[in-house]
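Note that chain A is present in both complexes that follow, paired respectively with chain B and with chain C.
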Partner chain A sequence: MSLAVPAVLLVLWEICSRHAIVSPRYFPPPTTVGWVLVDGFAAGDLGTQSLVTLTRLGFAFATAAVPGVLLGLLMGMARPVRDAVEPYIAFIFPVPKITLLPFLTIILGVGEPAFVLTGATSAFFQIVISTLGGVQTMDPRLLEVGRNYGARGARLFWKVILPAALPAIFTGLRLGLGLALVALVAVEFIAAKSGLGHLVYRHWQMLSTPEMYAAFAIVGALGLLLTRGLRAVQARVLTWQEEIGRL
Partner chain B sequence: MPTRAPKVLVNEVSVTFESHGRSVVALDRISLQAHAGEFLCIVGPSGSGKSTLLRVLAGLLPQSAGDVRIEADRPGTPLTAMVFQEHALLPWRTVRDNVTFGLENRGVGRAEREARAREMLAMVGLTRFAQHYPHQLSGGMKQRVGIARALANDPEVLLMDEPLAALDAQTRTIMQEELLRIWATLGKTVVYVTHSLEEALLLGDRIVLLTARPGRVSQVYSVDLGRPRGLEVRGSPAYGVLLEKIWSQLREEVVRAMAEDRGGEPA
Partner chain C sequence: MRAMSHWLREHWIAVGSPIVLFIAWEWASATGLLREAFFPRPSTIVIHLRHLAADGTLWDHAAMTLVRIGWAFALAAVLGVGIGLAMGLWRQLGEGLDPVFAVIYPIPSILFLPLVSFLVPPGEIALVVTTAVTSFFLIAFTTTHGVRQIDRLVVEAAVHYGARGWRLFATVLLPGALPFIFIGLRLGLGFALIVVVAVEIVSTSRGLGALLWLSWQILKVEDMYATFFVIALLGAVLSYGLAALRTRLLPWVQDVAERAG
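Coming up: the complex of A and B.
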């Protein structure tokens, strides 16, 4: 079972920590972290802080998704657009988007727009690249099928190109969502005064390690849940796909 | 018997591909005709331009020189419908929606589309699979959907590019018989590309043999083996004579093609 390995590791960690084989100060027992999580959601601000991060993620993803898919499709279908834009994409894509934060704060000031936009750019480039890949790697015979069977222009796009690229678009959205979360937690760690990333930072500063690990755990769980969610949507929408691999 | 009215006219057609700064002549001044209702088979070594010829006929590829004409006697119907090698079904459409794809693009109403799909799926024996997706079908079934899709579009000329090449021997034999039956029912003009001389002799009214690259017409053979034709034709002496005659010519071309691909002299 896929749960066996982490379970064993957690138990080992618990034992080592309780018997001070590893420093309980730096590696508090998982049960302690568990109680911090329960308390934090019940009485503390873990719920609020999670919501702050989720809201930023929502705005970032929404900002990135539509333009990203559109640009990717356009680049895939119009050679001149691709030739004009591709160098910039190739240039910016490998740059960790957190390094855009100083630049964005200079323009927008320190605040939500700069934070959200950092997350959005992170998702945007991934979505563009995946979508473009989806159009470029489509079976060229399907285009011939479309043309031979009378689908031209807009009809060819809606009936052939877009459906063919859809699996890659979904992959791009999923990866983009994950990257946006990464960037946002980093932004919160460095610059924001709220959110899960900020919690990690604050508790690290105060060496309150159980709280720090609790925030970690929520970030991880969020990433897992959101990616799984998008995958479920994909399985719903693309029933025709042979198989949608498990995460 | 096919009537003598010409349906497909290919006149001195050449196709040259430019790739990586080199130009490849795929077709070199090809001329041929298919009569209305004729089953015309094209055979030739790999790379002799058979698929290229079909794509020119389908209007998917412009010829570099020469002209192609397809006589349209029924306005409003498409000139061609292609059965692609390895089916090329749209994976996001059900079997039925693949079959109605061409009709949908022409604005045929839903009721009529579905009636036509039912009819064609019955003809290829896939009625029960109308709501399946392509990935749920076997190779032979996908190929039959490809054929039903082309038939449903009711073209002036049916173009088939090695439609049975990917099938196992048993399925292929059954499909050949089905094709004969369907063709006899519908009386369509068919241009049919195949690697198999046996298949061409079983199906065709005439066989056009192309030379190794660049593709030219080497010989045109009439297949005077009578109709309706079934598998038993393989036992007839005339069949053996014709097969031998075409094969000796084709063999020369294939050896030449292989030698050229190796970049050496003919063996």
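Coming up: the complex of A and C.
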């Protein structure tokens, strides 16, 4: 039932394109795109290019996750650190991270480190903000109870603060991964010579539209997999928390 | 005056940290600890910023970007709120469109540029429509959610008291969904800025994104920093300004996004 509307839309597109009601040059029939997808994975470079994007995403996420969570926790627990760092986070967070690409390329040169770091910064700020939010909004009664039962220092952190902040941290990681993908694909579209984003750009320029839509579809599938998949993981792993996965 | 000195005592680190950073940066660039070619001194950047502002370049590009954001946001807001409300009110429409939205939403909006340029005249219109895509989905999503989360008891009570049709919509459903609609609008505006800069980099020679990119291509590093500063300022105004506006317009509403962290 829930897939009826997308199916109808695809069939409609197919018919319109086959009968040239819409220009088949710009809107090739979905079946054609489907065959390009199959061929691209079997023989062409769709698989390779997807792997390139995924590798970049992996590196970007790994670069952002650990420092992001650590800084967020530190800011949440140490007031002076928060005061010192928060102005920068607040200033940079709403900035389109793609604007960092030119700066990174003059410092690091045009290449993988600059591409990956642009994606990483995109995730980093989201992870810091979510983690900080998780520590700040935790129930102060939990802290008091923990202290009353004699938890101090490391014990208080591992047994009380971290579990309380974990859902927010997970949300931050999930959102961060999505943002990193968006930034990376944009970087590939604009500057890189490989990856799914570049495929869309190249096939747009060459007007080989079936290939363009094929790459487009893979990005969509990847995004869906990441957002939905991680949300399911989060619901399963952090079962004790309600109201997760919203927004 | 007392209030201000009190505020300063509370926030001296937050105020002092950027000052210290800029002095350190100035010093490091001046002594060659940082390469001035990559990290020009803040004072030099300010001079370039003033030059760019004085000869009008900056205003031209900034105005261009703002106009595009304005059109894109208006387009996304009208369609997003409209379709979002419809999806929230008619269950079948909502369920039908949900999977379509779920697939399209995570696609980075810059990728829509080719598609949009096939559909509408390329150039300014394609640029604005592309900018509107992600904002539209965000606004539609949050609006739908806003309608769906309204307490059923409230709706039933209103129906019992005879509210129907337009009256039910205008006095119960719309106010109930309003906080969420506002969050959608705020996030949508932020995203419009993000996308417009990316699109300007790719497809045009005017606008702040284009200015940044051109400055990079001819290695005018100081102009890059100056443009970046203006973009960041715009981001701050758009996202924090709108949050402040909500506090003023809807003081009884807690920001759900802030609460959820």
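Here is the rule we use: the second predicted complex is superposed on the first by the 232 of 247 C-alpha atoms of A that agree within 3 Å, B and C clash if a C-alpha of one lies under 4 Å from a C-alpha of the other, contacts with A are read in each partner's own complex, and residues count from 1 in each chain.
Everything that follows uses one rule, which is that contacts are C-beta pairs under 8 Å (C-beta built on N, C-alpha and C of every residue); 3 or more make two chains touch, one makes a residue touch a chain.
Here the structure is a predicted model, which is why all the values come from computation and not from measurement.
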| item | value |
| --- | --- |
| Which of chain B and chain C A:5 touches, first, second, both or neither | second |
| Which of chain B and chain C A:238 touches, first, second, both or neither | first |
| Chain B versus chain C as contact partner of A:151, first or second or both or neither | first |
| Touching partner for A:141 - first (chain B), second (chain C), both, neither | first |
| Which superposed partner A:92 touches (first chain B, second chain C, both, neither) | second |
| Chain A residues touched - chain C or chain B, whichever exceeds | C |
| Which superposed partner A:45 touches (first chain B, second chain C, both, neither) | neither |
| Touching residues on chain C, where the partner in the complex is chain A | 11, 13-14, 17-18, 37-38, 95-100, 102-108, 110-111, 113-115, 118, 183, 190, 193-195, 197-198, 201-202, 209, 212-213, 215-216, 219, 221, 224, 228, 231-232, 235-236, 238-240, 256-257, 259-261 |
| Contact set on chain B toward chain A in their complex | 55, 58-60, 78, 80-82, 84, 86, 88, 90-93, 101-102, 105-106, 133-135, 149, 153 |
| Residues of chain A touching chain B in the complex | 139, 141-142, 144-145, 147-151, 155, 159-160, 163-164, 166, 238-242 |
| Parts of chain A lying in touch with chain C, wherever the complex brings them together | 1-6, 9, 23, 26-27, 80, 83-88, 90-99, 102-103, 105-107, 129-130, 133-134, 136-137, 168, 171, 178, 181-183, 185-186, 189-190, 197, 200-201, 204, 209, 212, 216, 219-224, 226-228, 243, 246-247 |
